[in-house]
Amino acid sequence: MGLRLRPVNAEFYDLFTEAAAHLVGGVALVAEMLSESADKEDVAQRMRAAEHAADETTHAIIRKVNGTFVTPFDREDIYALASGLDDVMDEMEEVVDMILLYHVKSMPAEVLGQVEVLQQCADLTATSMPRLRSMQSLEDYWIEINRLENAGDKNHRRIMARLFSGEYKALEVLKLKDIVETLESAIDAFETVANTVEQIAVKEG
Amino acid sequence: MGLRLRPVNAEFYDLFTEAAAHLVGGVALVAEMLSESADKEDVAQRMRAAEHAADETTHAIIRKVNGTFVTPFDREDIYALASGLDDVMDEMEEVVDMILLYHVKSMPAEVLGQVEVLQQCADLTATSMPRLRSMQSLEDYWIEINRLENAGDKNHRRIMARLFSGEYKALEVLKLKDIVETLESAIDAFETVANTVEQIAVKEG
Amino acid sequence: MGLRLRPVNAEFYDLFTEAAAHLVGGVALVAEMLSESADKEDVAQRMRAAEHAADETTHAIIRKVNGTFVTPFDREDIYALASGLDDVMDEMEEVVDMILLYHVKSMPAEVLGQVEVLQQCADLTATSMPRLRSMQSLEDYWIEINRLENAGDKNHRRIMARLFSGEYKALEVLKLKDIVETLESAIDAFETVANTVEQIAVKEG
């Protein structure tokens, strides 16, 4: 039998898994918001509720860190991971809110590609969080997230080129650019989470 | 009598209090710059002087850290707090400079709401800095700053929706968006300061 | 003879010097891209190759840290310096790619001033990296980079004022603003590298 230097504190892993599950739900709402037939007010309201639920999970993690003497990995890494996951949700909530507030009618089709990248990031993050417990099989996760972020970055530049092509009026470009950049920030935020997991795994591994 | 593990080094607290006082002065200049009757050249010049004075305080803190063997709290936290306070001033100076350089004639009225949020953040930060000495009664400060940042964020989105409403020409939207986003960065910079104080209080408390 | 607490591991210094040399090459490609007669497709392709080569150097540093028991300075500082140098290249590659993708015809002349700032930053960084070995004569480097960043910031604001002057159409302003802001991010990224070097020097000095 191996030696355990860190206690088994299963609740931390459950809470990180819960945080990632909120992100899977959040991406679904972003996708719904982009469909032409969406009731935008209703989707935005459900997004606010989802973002609130994610906040609750973040606070539960932070309360748990503050009330636990020996944590499964470094306190500052738990904070970084919890707030990293929370940041993804904040970006996605902002995307949905902007689509509502700016009265956006239609978006270039390439935007759907970014939502697909987000969906893959969320699914991958959700299946990887429970593996923090064993610290096994995590490398594929952060490599794949980095690959997805690269793909998202390339797609983002193509979307920007399309927005600047002359097809859209300047004011419409301004609105769409804001939304498209926030989508990219959400993808970047998934990469930050993966980088945090990599650092934890290197330290603890 | 309690046990003191850290020396009483009052000058650090005085310097942080001085740094926060510069921010109160800075917000007043931002507010003055937004009044229609302002002599913009003159306000911008006073803002540059205020930013320069704030820089001097920041450098005094850093010199003091480098020349002190046992600091009242961790060296890196002192750096983080000093540079965090300095960042707020930089953002406010940028707001004033942009209003001058871009020849902005008028701003949507909601911008005044953001300046009020800034004022409350500055006042709260200024009254809280002296409490670093006892590390008492700081929790209300960072909770309230977080609440103000949330209010600022909501207000920011409303301003953006107004800018995109069709009331302003695209080029004017571009200018105003830049300024409004820098105002929001100043509010965010206050929140970063509050988060740093929270981390210090948790560590030292 | 002095006492060495850290091993002489010359390869680390060679790799940092190599990383900085990539940046010198990168700035030259940015400058080439801005000349009216440039074959933009060709320059952008060479930039992608240069960015790829810089990535290889970054990965070589990270592999070396992970495989070395006692590093010449703190592991986290080596990571920070390697990724800081890599970030500069990413920003410069983005500038070149944007000029290609957005079909930019001409830029305000002041943009050349920013490229000159970048060139000076790159040259200074390249001549300073080998000095990490002795940790001598580095102070002038970070002071000068900070001065250059300030100059770049002032120049950036002048460029923005020019873009907003009414001389350019809103859609053109949007394109140029994106490029000009990424140029400024590249300068900021050089400053982040210099700040990292300063922190290392203060710690190890």
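Order of writing sets the chain letters: A, B and C. Residues in each chain are counted from 1.
Everything that follows uses one rule, which is that a contact is a pair of C-beta atoms (placed from the backbone, for glycine too) under 8 Å apart; a residue touches a chain by one contact, two chains touch by 3 or more.
Since the model is a prediction, treat every value here as computed from it, not as a measurement.
The rotation relating chain A to chain C, fitted on Cα atoms, amounts to 120°, rounded to the nearest 5. In a homomeric contact, the two copies may use the same or different surfaces; for chain B and chain C, under half of the interface residue numbers are shared, pointing to different surfaces.
If you average the Cα atoms of chain B and of chain C, the two centres end up 28 Å apart. For chain A, the set of residues that touch two or more other chains comprises 170-171, 174. Across the interface of their complex, chain A is touched by residues 66, 97-98, 101-103, 169-171, 174-175, 178 of chain C. The touching residues of chain B, when paired with chain A in their complex, are 157-158, 160-161, 164, 166, 170-171, 173-174, 177, 202.
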